[in-house]
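Presented sequentially are two complexes of subunit A, the first with subunit B as partner and the second with subunit C.
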Partner chain A sequence: MVNYNSLTVLLTVPLVASMLAWFIPKGIQRLYAVFSSLCILALTLYQAAPVLFASTSAAVIEHKLAWLPEIGVSLNFRLDSVSGWFVALNAIVAILAFSLKGVWYRKNPRLFTSLGFFLVSALNTAFLSADLIVFYLAYEAVFIPMIFMVGIWGEQAKATAVFRFFLMSFLGSVLMLVSIFYLVNLYHEQSGIYSSNLFDLIQATAGKNSPNLKWCFIGFFLAFAIKVPLFPFHGWLKDVYTLAPMPATIWMSAILSKLGVFGFIRFVSPIFVESSQGYQGILLTLAAISVVYAAFLAIRSNDSKSLLAYSSVSHLGFVMMGVFTFNPGGNASAILLSVGHTLVSAMLFYILHLIQERQTDLGLETSHGFAKLYPTLFTVFFIAVLASMSLPGTLNFAGEFLVLIHSYAASALCTIISGVGVILGAVYMLKFYQQLGFGKNTTVTINSNTGAKDLAGYDLVVLSVLVLMLIYFGFQPEIFLKGN
Partner chain B sequence: MSELEPAYPWIAFSMGILITMLVSVVRIDTKRPAQIFALLTLVVTLFLSMSVNVETPQSLFNGVFEISALTTTALSLLCGLGIFFIIGTSRYLTKEEIHLSDYYHLLLILILGASVLICSKDLLVTFIALEVMSLPAYTLAGFRRNDSRSNEAAIKYFILGGVVGAVFLLGASFIFGATGTTHLSEIYTWSQKAQGDLTLFYMGHILILISFLFKVAAVPFHFWKPDVYEGSPTSVTGIMATVMSTASFVVLARILHIADFKSPELAPYFETLKQLIRVAAVLSLIIGSAIVITQTNLKRMLAYSSISHTGYVLLGLLGSMNQPDLIYSVWIYLFGYSLMTCGLFVLVSQSEPKLDAGVELIDLTGLMKKQPFNVVMWSLFLFSMAGMPFTIGFFTKYFVFISSVNTGEVFYVVIAALCAVVSAYAYLRPIALMVMRDADPSAAEWKGSVASHSVVAVSAAIVFALGVMPNALIHLLKGIPLQH
Partner chain C sequence: MSLSLLIFLPLIGFLFNGFYHLKMARSEQKSSAMISGVIATGVMFAAFLVACTYYYMLSQLPADGRLFEQTLFQWMKLGGLNVSFALRLDSLSSLFVLIITGVGSLIHLYSIGYMSEDETPAKYFSFLNLFCFMMLNLVLGSNLPHVFLGWEGVGLASYLLIGYWYQDKDKVLAGQKAFIMNRIGDLGFLIAMFIAYKFVGSLDLIDLQKATLTPHVTTVFGLLIFFACTGKSAQIPLFTWLPDAMAGPTPVSALIHAATMVTSGIYLLTRLSPIIEASNTVLTVIGMVGVTTAFVAALMACAQTDIKKILAYSTISQLGFMFLACGVGSFESGVFHVMTHAFFKALLFLGAGSVIHALHEEQNIFKMGALRAKLPITSITFIAGWAAILGLPPFSGFFSKDEILWQSLSSPHGNVMLFIIAAASAFLTAFYMTRLLVLVFFGKSRVDPAKQKHIHEAPMTMAIPLMVLGVLSLVGGWFGEHHEHSGQEMMVMAASVILAGLGAGIAYQKYKNFEGEEKTNQFLMSGMGVDLAYLSVFAKGTGTLSKWFTTYVEEMIVQRTLRWSTAVVGLSGNLFRVVQVGSTQAYLMMILIAIVAIMAWVFLGVGQYGKL
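On to the complex of A and B.
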């Protein structure tokens, strides 16, 4: 099924929303942002639903526009069972990120909304583009709003964190750019025309295994491994996650990290078939180490936000295990787990923000006993914690289970090691929940205006929808697998 | 139809200079008339140069003066830059109390010299044009008479420039000794069956090469640049960084294509020559981008940044040595770099003067609160310098990289890419200061006239527009070969 429907609206509508934000009164920016991102979600689902809920994974929507004919770069958008989920997730995460109240709606709210929608547009471009140069452009463009968000609304001492984040990501992506040039040139040598289209480049490298291609593989690998991040490229992560304003943290952990996952599935495994098979052992080992190492870091964390940051890395390690199986089944389960991880990690950060609004001290050295104060909030929180621990019945369980099944065939040892991560995940998540929720509430200080309220109203609706999605998809993983 | 018709822009330019000079002598009490006549001269020349028919390249004055797409396009660019600087820095000159009518005719002579330098097809004419360009530059560099750094800049520039002029003459005389001519196209014809004292030719070639590597400040001939940039009035520094380096790079391209190096006699020397350019490019990249991150003075920072940009252009020239039709990557680089540098220097000139101190990075602290519009402009230009997407800076690097990859210089592209990451830190730092810090009371004030704001906005608009739709520019510059 090939349908030449216009996919460009998924880029242009957020971009227009980003510009319109400057004409909306400051007081209703949050309303505007949430409403617009709901519209974007509706639009995305309208475009993506035929592909996402098709019975086979062959359903594709393509849209092609000429852009730079001189150098063979075209706006070649492709919505299939890989990119479709990420585009949908992007719209969902945008709603969550825009829903949070905070300093970003008090200080320069227009800039925040504008940057946010620019980010959504750039991410959609990155996920949809089947042209490597356009993908690279969008991939780089994602940095710009991120830098400004952390820079303007982040907490103190953020400059170093921003620099480290930017420079490490830039290092990876620049090397990827050089690799793209090499591939483009390779195709040019074979066919005499310039093209950076994914399928042309796949054709150019098919059946080849030169040392230069290995270097190109490393260029791509570095870019995406830093983005995910995979051990040992996680150095930038903790400071940025903890110092960033909460919407930026949600964006980074829930969707920016998926850019790396997406990049591996979309570009690395089809273009570098030989190299990815050749390095599979190393890659799986790195993923397994990520799972366990980040879990230990999470156990050692004394700060709620950094605990969640490391738990995110640990779970992304599972996703990468699925990606590095380099077979359709493993990739499909990695996408499944990505969806679960996106929803759960966005939810956890969202809940953390809600607690932060009510209470200032969230250190994990002492127990706080907030559960008595906010019973509904902590019930939802508990569901999220269980989902994060991949309790059967949630999407994350289906994902981790399937990933481990597929990776067992590739490397039993790595699978066993990362299996330990599931147990460690229970350790830190339960500790996290226990320290915040139970114990003597000695540290409770009620914030004057919001401190006493339990979860209700809008936030309750949002979180309930997420919980329902997690459980519904948990029982219907077939939607993602499509027979793989 | 006079045979001089194609040269009308240059003739009109020269007459305009004479009128401006006369006006400045007659109305010595005010500088306004000189300014207006200078602008008029540039505007008229701009229109004339755009209307010259250059479908077939022509040579005038016994073939020493080339009129082709290259030279008229370059003249248009130089005039455009001149207009931008005259409009944009008028208030700066008043602030610095150096707003004298002499400034304008010196500036015009400098631009005329630069444009004749580009047209020149004879080593002696090149020398004369070089001096016509440089002598006003020495004078203009010392325009801030009361500042010892400006005096230092002028003297340093003058002495070193004089030595380099002598080196060029020596090289030209060696070439004359070897080939019996100073005419570039005759040298090319000679080289096709090179005979006689080849060593003499090589020595002469290396000497004239060195003199222009000095002019473009390639490492190891870069040491004059930071001091001269820092000491000169900002408007003059801007002219040096754009007009003078563009002209010098075009001559450098001519020097590198002076002979038919494919001929068997010259082939071994050609390999050495390429090696030399590689070394100069890599050194400029590494030293430029390593030192740029340590600078605290804005103009010194821009000086080192331009040294690293010299490295990129040299890479482009290297590509064109391997494959002459790739020279357009150099043209695109020069065009884009001139535009963003012009914008940046006009921005720098908006700072209020302080006693005995230049414009420091610290002075940008907290600009977000005071001038949010200017922060957007700064960020756009700095991102463009760093090669981020949606700015012309991305495409300038893009074409240099891809032409180098095309010609098999992948290793040097990787080095250039890594240097781009390093220098990205330097470009991000001012943005971080502007956005992340609160205003510092000791920071300088920034005030621009409406004129200078509009110049900045126009060049920012071009930088952005070409970053999104570079088609027209690529098409235009791709069709400009280097004539022999």
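On to the complex of A and C.
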């Protein structure tokens, strides 16, 4: 039954890694986790190569297994130009998240590694599944490791934060589940067969525009809008991001948010063609407001982590501008910008953690002047800041530029409003960098655990690779666009 | 040989010095100004030789086919959009490339002496090379996104160099101000690109030059591009960053904030001149803004006491002249003034740097005086620069400035009002420059006695660039294209020389024996309060808005709604406190329970399909 030369290895291998973690000595959990996630990346690239490195966007790898045929649920995996890069990003983010040293490798390290790989597996299932029920299960399963990570290794006052996160997400996904049931039922009425396959459901809704479908659209919209998050559904985010342990923050901002982006492109826009077009004005407006509103909150933030959290929301607003164009060009640009956002936000949180390891006081009310102490670290940090501000020559510029050029055709006004975010982005990112890097280092509170060393060794290699990726793909984004 | 050498040479210099700096900084050693300076200057001089070769090769081509092009790779291709990374050299970009690499090499050379005492010279030179790389991309790019790459890139280099001494918070903030004001302009550039793509379907500069757009679109596009230019070229309303930018090292002010970057706006307008010219509204706005800036900034320059601030306002004013030229449709005379201004303003800044260097960081002109004898090379070359900016024949400024004055009167888009304001600005220019010259080099010495002894002439690396630029300021105007002068034009010429003489004479009389410090007009000195107004409206406004959003929208609405809904469910905390306690087994059990619960719930739901 199990065909190793198929997409299922992308789900099973991380799951095996998750179980194996319990048999690995506690002391080498980090080594094990990083090494395994590197293997998963290699495996992913190998498996997905025919799609990722194809010259057109038409290449697809499909794998179908019957699972519960009597109720129409199948294990139907599909790797194409939409899901391909998200799966690859998932593996990259896992490497970064597992690389950070911290309390999670001291307190219950096996549980941490195990949860992490479980998350990777669940995310891959969600990205690859072309069956909505299986997608839904994976989508819910993603919460479990997240909740535990925040609960166990997070900061104080976590119970409420976790609870809000859970509540918001759950609310959205319950509505999505109800919508899925409705769609399955609709298809059953038409064909007499139960199926939750994406393409069957697209067929079921093609050319239809009933009020019920609108409600279904809203169900899906809420689930994904909360996940991204899109204004005004971002309320849960700040507490969870800031209280979560750094690997969990990286996972959430870099890849979990993409689950929402992916959901819109994969499911919402093909299934609800009519509603999508009908609500396009509202959707673009919400995305534009997200960009500007979150940027204002970021300017106000005096805490590094919440500044980065809001900056992430602001940039995801740009991604959503591309998604809500509902055309292939806009969607391809949104995927491109998603790749940029994933790499940059993971990188910024990673760097923040490295600074935290060295210095205890990172408040943004005063300037710290750390750049003089850690020249290499702050050079890399600066490049990440520039990419985050979408400076031309970085991957994020290519993405943002292409997104906006497409959204301009859909709504000039929303594009111009979101353009203000380009200016505000410079305001808060420069403030962020300057307060940490510049000024005189009078407030040095060197963390005695790790000493005051500059960036070196493993971290230097990881961050250098990321910098090279941001610049290389900034000039060669073709691989993500494929002439769409 | 290939065009790409022009951009790769400075890029190599940037990377070399960047890594050299990091290597030394990591081991807390001082990098050598000599090694990094020679590399940086060497790559720039090599690029200058390449530029000269291309200039010659270009001149050998027939007049209507003077173009070299090299496509390096495809950059962004999506749907109908195809943006390539290609360099294109024609006579316009060739002139800019000569200025950037030529004046650039001289300023790099000067920096070796100027920065020899600095702690991180390799970092300085890497930024300087980065700037040249970006600036060359700006003028060589074949399409708007490529120009934009250079456009934002020079802004970045400018930010890094203004805040170069980053331990000083004020300098960092000056850099930040420059970057953000430029970004405000850049938004105009971005939107102009979106419009161009929507209505032309291409962002290639040649396609845009040929495009025919509706009058409405032409006007909007032209105004947006011009708005971007007011940021980069420090015109009203986005000019207030340039005086602050003087926080950077003086050679930086000479290169970036006088000779090259700030003239990008003229380049862009000239490049897009077919579209700009097609709208009278756009031309009128450019002309009005240009001439107003020229006049107002000249007034402000009269009230400054800091030698670099005077030159900064002077640059804004001279850029206003160039925009005036563009606004009356005479783009070539604007570009001509870019060139002569690059020579004499770079010279004046470097001369000022030499004075500041000699007086150990003294910048107040009322604490200088009678430096002529002690700084002979600096003072002679400075006088050449002074004569050029005044427009005294036969110095370079004479040719270019008179051309602009003449065009502002005689061109179909010109009028008497533009001419009168421009002539008044020329008069003010003569006044403030003579004031500066007399107070620094002539009259009585007001130098702090403690510093008096240590006054020394600049080293050779600094003196050579001064002398070369001095010669260029003298002869640079002869490079322009000459034409027959009508009688009327001769009158304009004579009038402007008389005005300059008058301004110079008045200033000389007033300041030749000046003692103590002048009480200047505070209103003019502070830039007519524009800066303060922006601070209270935009900077504070942004702060207030983010405060409102945070307290009223976020806290009172978004978070409160969330808190209430949490409370309504009534489980707040209690259930999840369990999560924090307990052992590994408990967690595992919870995972299991959660999975089973969700699965069961889903499949029970699936069983109910028929009833839905």
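Definition applied: the second predicted complex is superposed on the first by the 478 of 484 C-alpha atoms of A that agree within 3 Å, B and C clash if a C-alpha of one lies under 4 Å from a C-alpha of the other, contacts with A are read in each partner's own complex, and residues count from 1 in each chain.
Methods note: a contact is a pair of C-beta atoms (placed from the backbone, for glycine too) under 8 Å apart; a residue touches a chain by one contact, two chains touch by 3 or more.
It should be emphasised that the depicted structure is a prediction, and the values quoted were computed from it without experimental measurement.
Q: Which partner chains sit in contact with A:I147 here, subunit B, subunit C, both or neither? Use first/second/both/neither.
A: Touch partners of A:I147: subunit B and subunit C.
Q: Which partner does A:L167 contact after superposing on A: first (subunit B), second (subunit C), both, neither?
A: both
Q: Please indicate which partner A:D361 is in contact with in the superposed arrangement: first for subunit B, second for subunit C, both, or neither.
A: Neither partner.
Q: Could you tell me if A:E155 is touching subunit B, subunit C, both of them or neither one (first, second, both, neither)?
A: neither
Q: Would you check which partner chain A:N185 touches, where first means subunit B only, second means subunit C only, and both and neither mean what they say?
A: Both partners.
Q: Quick one: is A:K372 in contact with subunit B, with subunit C, with both, or with neither? Answer first, second, both or neither.
A: In the superposition, A:K372 touches subunit C alone.
Q: Looking at subunit A, does subunit B or subunit C touch a larger number of its residues?
A: Counting residues of subunit A touched by each partner, the higher count goes to C.
Q: Applying the touch criterion given at the start, work out whether A:N212 contacts subunit B, subunit C, both or neither, answering first, second, both or neither.
A: After superposition on chain A, A:N212 lies in contact with subunit B alone.
Q: If we overlay the two complexes on their shared chain A, which of subunit B and subunit C does A:L175 touch? Say first, second, both or neither.
A: first
Q: Just to be sure I follow: which residues of subunit A are touched by subunit B in one complex and then by subunit C in the other one?
A: Shared contact residues on subunit A: 71, 136-137, 140-141, 144, 147-148, 151-152, 158-159, 162-163, 166-167, 177, 181-182, 184-185, 188.
Q: Under the stated contact criterion, what part of subunit A meets subunit B in this complex?
A: Interface residues on the subunit A side: 68-71, 136-138, 140-141, 143-144, 147-148, 151-152, 154, 158-159, 162-163, 166-167, 170-171, 174-175, 177-178, 181-182, 184-185, 188, 212.
Q: Touching subunit A in the complex: which residues of subunit B?
A: 368, 383, 388-390, 394, 398, 401-402, 405-406, 410, 413-414, 417-418, 420-421, 424-425, 428-429, 431-432, 435-436, 470-471, 474-475, 478
Q: For the complex, give me every residue of subunit A touching subunit C.
A: Interface residues on subunit A, with respect to subunit C: 71, 73, 108, 110-111, 133, 136-137, 140-141, 144, 147-148, 151-152, 158-160, 162-164, 166-168, 177, 181-182, 184-185, 188, 194, 232, 234-236, 293, 296-297, 299-300, 328-329, 332-333, 367, 369, 371-372, 375-376, 379, 386, 391-393, 398, 401-402, 404-406, 408-409, 412, 415-416, 419-420, 422-424, 426-427, 430-431, 434, 437-440, 454, 475-478, 481, 483-484.
Q: Please output the residues of subunit C touching subunit A within their complex, sorted ascending.
A: Spelled out, the residues of subunit C in touch with subunit A are 21-22, 25-26, 73-79, 81, 85, 145, 148-149, 151-153, 156, 163, 166-167, 169, 172, 176, 179-180, 183-184, 186-187, 190-191, 193-195, 197-198, 542-543, 545-547, 549-550, 553-554, 557-559, 561-563, 565-566, 569, 571-573, 575-577, 579-580, 584, 587, 590-591, 594-595, 598-599, 602-603, 605-610, 612.
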